[in-house]
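Here come two complexes built around chain A, the first alongside chain B, the second alongside chain C.
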Partner chain A sequence: MENLRVLLVDDETELVETLAERLELRGIAARAVTSGEDALRLLLDQDFDVVLLDVKMPGISGLDVLKLIRRQRPRTQVILITGHGSAEDGESGVRDGAFDYVMKPIDIDTLVGKMKAAARKARGLVRP
Partner chain B sequence: MESIDKQKPEAEGEEVLLGPDKPDDLGPQGRFSYRRIWRHTILLTLTVSLAPLVLMTVMNYHQYQKALTAEMIHPTSLILSNSKRSLEFFLAERLSALRLVLYDKSPNDLCDRDRLERALRSVNTSFGGFIDLGLIDQNGGQCGYVGPYELTGKDYKGQDWFREVSLRGDYVSDVFMGYRGVPHFVIAVRQDHDDGSFHVLRATVGADTLSHHSVSLDLKPTSDSFIINLDGVLQTKSRFNGEFLETCKIPVPPYRSESQVVEQRDADGAPYILGYAYVARSPFILMMVKRREDLLTNWLALRGDLLGFLLASIVLITIVVIWSSTLMVNRIRRADMRRAEFVHNMEYTSKMASLGRLAAGVAHEINNPLAIINEKAGLMHDLVGLSGEFPQKERFLKNIAAITKSVDRCSAVTHRLLGFAKRMDVALEPIDVEELLKEVLSFLGKEAEYRNIHIEFHVEEKIPSIESDRGQLQQVFLNIINNAVAAVDKGGRIDLWIENTREGQVRVRIMDDGHGISKENLKKIFEPFFTTKKEYGTGLGLSITYGIVQKLGGSIDVESEVGKGTTFTIVLPLKATRF
Partner chain C sequence: MKETANVALEDLTFFGIITAGISHELKNVATIINESAGLLHDLSLGAEAGRRPLDPARTKKLAADIARNVDRSVATLNRMNRFAHSVDEPRRRADLRDILQDTLELAARFCSVRGVELQVSLPDQPVPVHTYVFGMHKALFTSLQILVLDGEGVLPARLSLSREGDTACVRMHRGAWATGDEASDRRTSLERLMAELGGDVTENPDDAGRQGLVLHIPVES
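And now, the complex of A and B:
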């Protein structure tokens, strides 16, 4: 898939920046921010296929950000990041409209696979 | 998890510790001995129950004894007095008969044999018992005599009886055999004349007349009555106290003017009742001997009843007191056990919940740095992979792989920690028992590995998954397997069986070849606070295990033999009880 654009949202700066770098190496245009507020602000101006969103963040939580994205950018797909033992949060997010969820520590190949699937859905290549 | 709480003191023997939140319930050493309470309760109750009973019985005993003894002895005394008076009257009557003869006839008339013989017939007709009659002058010469022997002219001057009758005026002799070899006694009276001279009329009386007085007493076959003289010689026949005219076995009792009844003991120490009466103006003593048992039959029967009642009451009261005390103390003990179990379950649950929250926090905190390390390692791997060949490339990739592997291991630890935290939530879910046991073993695997303990699974085919609480079941198996690991020596063996029961339940058997548990300890193994781990055990692990299995609707059993090992058997229903 060409020009895949993703937004990474996690309060752990090192994590999102490293992840963004790894995705760039795989040909995915990744932008990293460290709060829900920054993510929402960026989404007002830019279009992303996929948002990788941490569930637990200081300030506005990942699940609240998800709801706002679903309202403002219904075509943008959201993949949630949850910690171990918090699968319930991920499943809850999926019920609220997230495309899928991944658990920390993140397996990059799994993540890329899910992002591509989400992007196809975002671009209308796959019927919902 | 025997070592969760190391603060709690251990229980020993019969002593069980109550909840530490109830210091008022504790003994001086912080322990509560139900056996001591049981003993004190029995002792106190028996004392307050039996003391009045024994006291009343002793008082009644003495009162009855006094009253009945008096009541029984009084008739004996009365009979004896009557017999004494009767014999005294008999002798007085015979002496009076002789006096009448003397006053009725002159000495010269009585020296005439025919007249004396008429006089003998006359007194025998009126009174009876006379064998002969003889008239003796003041010089002791017998001037007249009628009887079976020719004693006319016999001189009695030097004889004791003649001196005595000369002085006293009358005389009654002891019983003796005499010339004829027939037992008899002599009576004599003196008649004084105006000129200062006197005559004595002497008569012989058959001793059988005395026997009538002694045997007339109402006697039982075990009793005896007889007459002795002042020297203790038997004057009549006796059943048990010697032959006629021999010395009586019973010593002569001290003189009393009235009849007496006294209690004495024979040579063998056996008690008997002796009644005696000195017969006035004679050498005779009326004796009556009765066995104490005969005399006191009614009293002894009553005494038997009293003692029987006392004994039966003591036995009955003791049984009831012991039974009720045992019941009461056992109920208190069970209630205390339940309370202690409840309190410690609550404490345990609270502690585990705190531990769970702590574990969850730690896991989350570790998880984020882990994720970063993982991503950094991944990035390094990507960069090295994309770069061209360089001398240490393979070593870089190998080290990055080692970092990633370590991250996975840490991730597994945080996963288990979070899983442990989730056990605090009670929830039923489908569980593969084998998988669950293996998960539990992963906690203890390292220790088993270090100590070279061989753990083997034996899983029957077609074991269904059960619906139960995963966390609680993990707790159960963790406790038991942890104990098994602690019990076996280095190089020991633990076998785990998972089987189907006929009732459609799942049975898990955990068998070790460790030290085993003694029979005495085995009885208490599920009791709270019972532990053999003196220094670090709380005695809660197996009691909590027991409680969890019960709550999940299952059952737990244990078999053990010292030196051979222990087997725990847990049977779980396909669907646990929801609690």
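And now, the complex of A and C:
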């Protein structure tokens, strides 16, 4: 997949910065922000294939950000990050339009696989 | 009998909220450590394969990130341990500042995900109390719930502890308080908890006219 662009959104600064660097090493262009508000601002004028979005954040919640992204940027695919012990939050997010979800701690290979699949959908390379 | 069952359920619910917050915090820390260790591994593989040299400054920073997050997890575990032992004795001597500080830390996520910033002021001198520590945690947390869920308007919300003679006062202020069944239940629950702890709760606006709650707790002489 050429020039995969992802936006990482989590209120844990160290997490998003480190994850962005790991993704860059794998050839993925990653931008990191620490709030839903910042993510929505950035999405107004920048295009991303995939948004990796924490479900629980201070301010606007991940699930509310998901709904706004679905309206503003319907092609952009969202992968949720959940810190819950069960898959409940993630599955509820998928019902609300998320492409998929990952659970903390994150397995990088699984995440990259899901990001590539989400980007193929964002670029219309697979049927929805 | 029904009242005892309700109190037991309330205790369990409180325990659940606190432990959910702790597990969330520990999972975040584990995730950061996992990513930092993963990045160290990625960079080492890159150096091994001759793609790029290992930068000592970057390596040291990542090791420091891991160490800092291990400290963060230990602090959380210590708080969790103190909280778990708060049920051990029906009453014991404690510094109310420590109990309040632990409650605030345990409830930090509860407040922050709801966008409520707290401005906290604690005295320099100890505030000794002889109390049921778990009950005091619960009363303070119920107060925070009122402040966060039922408080309206002005932020940051203010919370202060002071000693006034034989009484410790925990004051909380926001613009106004919401009404409704849930808010009323929380208020009733707080009044009962404070009575069980030998104190009480009153409503007092501050000098700026913000609505406030004041918890009065007897201080051990």
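Keep this in mind: the second predicted complex is superposed on the first by the 126 of 128 C-alpha atoms of A that agree within 3 Å, B and C clash if a C-alpha of one lies under 4 Å from a C-alpha of the other, contacts with A are read in each partner's own complex, and residues count from 1 in each chain.
Everything below uses one rule, namely that a residue touches a chain if its C-beta (ideal position, glycine included) is under 8 Å from a C-beta of that chain, and two chains touch if they have at least 3 such contacts.
Source: prediction; values computed, not measured.
Aligning the two structures on chain A places chain B and chain C in a clash.
With both structures placed on the common chain, the touch criterion links A:Arg31 to neither chain B nor chain C. Legend: residue contacts after superposition of the two complexes on their common chain; A:Lys116 is shown touching neither chain B nor chain C. When the shared chain is aligned, chain C comes close enough to touch A:Met57, but chain B does not. Contact with neither chain B nor chain C is seen for A:Lys67 once the two complexes are overlaid on the shared chain.
By the document's definition of touching, neither partner reaches A:Arg5: not chain B, not chain C. Shared interface residues of chain A (contacting chain B in one complex, chain C in the other): 12, 14-15, 18-19, 21-22, 25, 56, 83, 85, 104-106, 108.
Against chain A, the residues of chain C that register as touching in their complex are 23-24, 27-28, 30-32, 34-36, 38-39, 42-43, 46, 62, 65, 69, 112-115.
Of all residues in chain A, those touching chain C in their complex are 12, 14-15, 18-19, 21-22, 25, 56-59, 61, 83, 85, 104-106, 108.
By the touch criterion given at the top, residues 12, 14-15, 18-19, 21-22, 25-26, 56, 83-86, 104-106, 108 of chain A touch chain B in their complex. On the side of chain B, the complex with chain A involves touching residues 360, 363-364, 367-368, 370-376, 378-379, 382-383, 386, 407-408, 411, 414-415, 418-419, 421-422.
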